[in-house]
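Structures incoming, each one as structure tokens.
Two complexes are shown next, each including subunit A; its partner changes from subunit B in the first to subunit C in the second.
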Partner chain A sequence: MSTVASSRQAGALYWPVQLRRNVGVRGLFAVVMAFLVAYGFLFPGLLTASGFAKFTQSWFPLALVAMAQAILMLTGGISLAIGAMVSLGAVIAATTMTGPLGVAGGAAAVALTGIGIGGATGFIVVKLRLPAIVVTLAGSFIIGGAALLILPRPGGAIPEWLSDLLAGNTPAAFVLLLLIVLLWKLYLATPLGLSLYAAGENPVGAYRSGVPVDGARVAAYAISGLLCTGAGLFVAAQTGSGDPVIGTAFTLNSIAAAVLGGIGFLGGQGTMRGALAGSLLLSLMISVMFFLGFTPVAQYVAQGLIIIGAVAIPQFRKVQQ
Partner chain B sequence: MTKSSFFASASALCLGLLLSLGAGSQANAAAKCIKGDRKAPYTIGWANIYSVPTWMKQTQGTIEAEIETLKKQGLVDKLVVTDAQGDANVQIQQIQSMIDSDVDAIILIAGSSTAPARVLADACAKGIAIVNFDSLVDTDQVTAKVNTDSAQWGDQAAKFLIDAIGGKGKILVLNGPAGVSVSDDRRKGADAALKAHPEVTVLAETNTPYNVAPAQEAVTSLLFANSEIDGILSLGGALSAGAVLALDKQGREQVPITGENARQFLELWKEKGLKSWATMQPNWLGAFAAYTAVQALEGKDVPAFVKIPLPVIDNSNIDQYLARAADFPADGYIYSPYDEELFKKLLAEQ
Partner chain C sequence: MVATAPLLAARGVSKSFFGNPVLRAVSIALQPGRVHALLGENGAGKSTLINLLSGALRPDGGAIEVDGRPVSRMTPAYAQQAGIAVVQQELSLTASLSIAENIGLGAYPRRFGLLDYPELAVRARAACDLVGLHEPLSIPVGHLSLGRRQMVEIAKALYRRPRVLILDEPTSSLSATETKVLTELLERLRGEGIAILYISHRLNEVMALCQHVTVLKDGACTADRSLEGTDASGLVRLMVGRDPGDLFPQWQASVSTSNAISVRNFSAGLMRDVDLDIRTGEVLGIGGLVGQGQEDLLLGLYGAIPARTASATVNGASGLPGGVPKANALGLAYVPADRKREGLHLIHSIISNMMLPAFARLPALKLRSRRAERETARGLAAQLGIRGDLDRPAQALSGGNQQKVALAKWMPHHPLALLLNDPTRGVDVETKREIYMMLRNFAAAGKAVVLLSSDTPELVHLCDRVAVVREGHIVAMLERGALSEEAIVSAAMGAEQRQVAA
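Moving on, here comes the complex of A and B:
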């Protein structure tokens, strides 16, 4: 363990570095904070345990898919199969958990499917050098079709206690999210995690420096798949059932959240906290605008303006500097 | 059905169906979810799944008109509208917001037949009247569900078409989107009649959104592949219009086709002199849902399920519908007339 000394030095640098990484998303953080305060003001029930629980439950699946998309975009990839993966996770959970496999078996099936399909997609993209956008678009049809084969129409069931545990009146979803963020931090400290940004920003340079570029990218796809089917499991628990097309909207929303959070399309740019804040803003907007009494048409316009605003604020400051 | 006016026939049909249903539950004094602690004027939440299609806009139009009427009666003071833009997850979040803001009633078209079940149970537990219409949720934790019978829709359409092509021939089946309960139920309803006539061959089936353009495209490619088609079992109005246009553009002879009350289809029907049959999902289900929710809040017992009889349009009465065409959008649906008397009758006779 000769790295102890250097890591102690790195420890002193940790917070300044983290603060600097926030630069691009400060505007977004401010907007999110403003929305949180506005929401708490409009709906004081948010500050109760059950109010907070319900709010975080609405956000949780979007947060997971935003992370799933962000991790791919950081390596220079993208996935158009996010929604289909969520649907697949949901139908697998809803068809297995009340059967002989039980909750543990069902959860394992969901996780293995996510890692398996994600890993396979990553392998095709990375090893065969095919464009991620094409592979995942094709993949979305296959995966979406598989979800419809498993459950041709909405149905299935999730044990009541699991639904109550994950999506009842306790902030279990929020605690889970904290755990996942913690795991992400730990992952970034592993060799594969460290390679993630390098593989995205400058793959050739990283490769020449001995970074396992391909491994990092395939691993990113596998983790992304796991996050998606995990989000599907949560949606199934939240709704108490499976729906083969429930995930569709997550594909675009995951990209919106990641881009809003400052993740660049070219790889290596952005932070996971940005993507999470982006997803939180997308989720918050829906509730806040409801309480402001906006009509649906006004909501469309407002949503667009807020998104442009959140992306533009940091740019304005850069221009001024 | 042929000579009497449409309205009388509709009521007769309705009466017959209602009688055959038998008297449902009448023991409970108050309707499900109602606790009696909410007082007029009420706030009504309309949790729409998707506001863009014309059918939805027309449905919202009937809801707004009904709310205006109820406002004049001092029963309602506010209508809150949300639009989930097709995302069932967003609809759940919006229903949660309605619960949080303590609306008195929620009416909804569900974006998923299963997903909103738990949030609706929460709303029901808070004494909020819930009336679910059109796309239904598999739950009993609502005050009332209102719909036509999708299986019957498919069954009647299949029977008409089989009859129209003389009990044998090659047909296409046009379905709505895959994985959606309404489209699935209509198709299942058609199954028995198709199975009973083995000489009717289904050449191909399509799954498209309930829109003209995708249906036209799908049928066009099927026409290239199949030179001989005797009939088209279309399980949606815009789909039928797309199919008729596809046949027309290729210079093919029109064949017997089923459909819905889409204005474009009815006009094509008349213009091309088709032999057709159509039914409808009346847009006033929305108005009726709002009316039912307020009745329940007022302490009236309402049935857990209100089955709306399917009005039938055929060559005998299509002119009555087309006579009113100008009152409806060009890409809209010409629905049957409605008034409070009809609503009262529908609620009383279940």
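Moving on, here comes the complex of A and C:
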């Protein structure tokens, strides 16, 4: 009897909590939907299977790095090494997967590298109490250098079947993304995962409440690293080879997507669904401007203006209240 | 005397920060079924002692004992296991998490490694019911008022089913109703055999609630005794080593008939259609429950938030200042309630803090005269009794002295009207007395003083008139003759209205 009562209580807590988290991102969701509809009208190819597959594939790596950045920003940190980590993931995938390690071994190497480097960065930031922005800036040089050591010029290879699977005409990327989002929801339903918010926004209070603040933050860096090298693997599969500088643009784009998605710089503010919507919006903007024939320079300027606008609108609303 | 071992005790603990001893060989023992008061002025070491008892800090010397056994390495996690819960003065909540998620933080129920939301909902609801918190559990804490957050903080402590409950100034941001709920709750918990350590600057609460008292003065224990047979003045004597009779200065009428500030149909923030005349030479009190719009009234007059008015006169000029520099030029000065965030720049030196309003008045590119600044600052420090090196960062000062600096910085500009937002919140008795004296002297010198306060006795003893605010309106203007704590509280709670109507 008590289990019945308590399971009814579950409906009365978990979902309302989730719904309230939507409040801050409703506007963003509306804008993304509007963009999606406009995009569908401009390029009806989106609604075909292969069109959808291509579209989600162009979004997928940006979605991963946006999540990677958002996790860190939720802890009150930031990473300037996102791009370098993507490059490193790409070159490791391209050099190992056709070698003796095989695809499984290569994927494991990519994952372990991401978790290892991410965890080490987190350890330095958290335990030595150094500013994340400086540690990850230095880290971006080291990691970028390592990628160039492994593969000085574009090369290596990804097995063709893997490229076809991930970046062919199947919606594999979209399914993978759903899976990752589901895993994230699960992580956020663990005490350690939910502690991220407390550790980011009010570390002293969280520590005094008995939260393993340092552990939660180091874990966030490790997860962030894993997402980055995973994005690298995907990019390598898309191009069929490794490129040691392919990730560079992802550093700033990941920050842009997270900020568009309403993640605050002070820690503990924002939601992952917001960051994902932000990355989708950014991805849509890039493709729309590309198809409309914007020159790259005009693209960058427009992109910058839109991001400032997106951050400013909620502020205006706050001032008006 | 008591046969059972204390649930939690400190034996001769000492602690220093950067070579400054904060606690010297202090002992305290918390017995089950007893509310133990911890008193002392700000900077006496109360918060440090709590941090030692709860494992947030480790003592340099002495021992912490749980159930009579010394604990070698006390951590917050260990304290939690031992059933020790602390309601911190600085809230330990996370604004973006829901009420329930905050209450369970650090001690979530789990199922299969995941957070057990059903169980959390049940247990958090039970804790909330205890403190009379009826908001839905899914609301993010960031949407609650300060007083409600404090109640969440208390619920969070109760959720852990503590054997020892430590409350650090729990009522400083609570309304009268909330305070009453808390008092009844503590009485009940005491009956259930929980040991409670209660810290408050409000002596009447302490007298009503506690059975035993430990008094700290300058990091040493000056009293550890039963509260029976002591009165409030006796407690103050123990804290300051001096008679409290002169806490409030002798009241003398200094009010004139001219208005310093006069507004009609004034609206700002929560305040709606207020008519108010503030006379020169008076201390006008602003009372009411927490968060009824009092702060918006001050900020609106000061031009710090947008305000509308039908007509206004401020120190002879017509119209509201509409901006802080203009307000300063018209002779208004504002001292915020949150001195750590709004009142001071904590990491900067005391001198810089005192000189800040002066910088705003200098021509932008004029060279500063360090010597003149130093002289002015020294004069201010002497005038307000701020002791020690003025090059230290402001955070090195105790709360009371920080408040003095926040006041002092306006003095060189001879403001005609002072707008003070709860200037004595969390300030020790001695500094309170000095601040009260200053306020009366300002009034006597012909300035207008507006005193927003959550401390009803100071409104009664210090003010010429008190405006009581409820739901954005001034619901009562009590003249000196009609001032009493009962009158203010009943007006604040709306009990007055029926009488007026009748």
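Note that the second predicted complex is superposed on the first by the 282 of 321 C-alpha atoms of A that agree within 3 Å, B and C clash if a C-alpha of one lies under 4 Å from a C-alpha of the other, contacts with A are read in each partner's own complex, and residues count from 1 in each chain.
Going forward, contacts are C-beta pairs under 8 Å (C-beta built on N, C-alpha and C of every residue); 3 or more make two chains touch, one makes a residue touch a chain.
As the structure is a computational prediction, the values presented were derived from the model and not from experiment.
Considered on the superposed subunit A, subunit B and subunit C are sterically compatible, since they fit side by side.
Vertex at the C-alpha centre of subunit A, arms toward the centres of subunit B and subunit C: the angle is 130 degrees, rounded to a multiple of 10. Contacts of A:290 after superposition on the shared chain: subunit B is touched, whereas subunit C is not. Contacts of A:54 after superposition: subunit B is touched, whereas subunit C is not reached. In the overlay built on the shared chain, the residue A:186 is in contact with subunit C alone; subunit B does not reach it.
In the superposition on chain A, A:238 makes contact with subunit B only, not with subunit C. No C-alpha atom of subunit B lies closer than 34 Å to any C-alpha atom of subunit C in the overlay. No residue of subunit A lies at the contact with subunit B in one complex and also at the contact with subunit C in the other.
Against subunit A, the residues of subunit B that register as touching in their complex are 48, 51, 80-83, 85-90, 92-94, 96-98, 100-101, 112-118, 138, 178-181, 184.
On subunit A, the positions that touch subunit C within their shared complex are 6-7, 9-10, 12-14, 16-17, 19-20, 186, 189-191, 194-195, 197-198, 201-202, 204-211, 268-270.
Taken in their complex, subunit A has these residues touching subunit B: 43, 45, 51, 54, 58, 61-62, 148, 152-156, 163, 167, 235, 238-246, 248-250, 283, 286-287, 290-291, 293, 295-296, 299.
Within the complex formed with subunit A, the subunit C residues making contact are 54, 56, 76-77, 80, 86, 88, 90-98, 100-102, 105-108, 110, 113-115, 117-122, 125, 136-140, 156.
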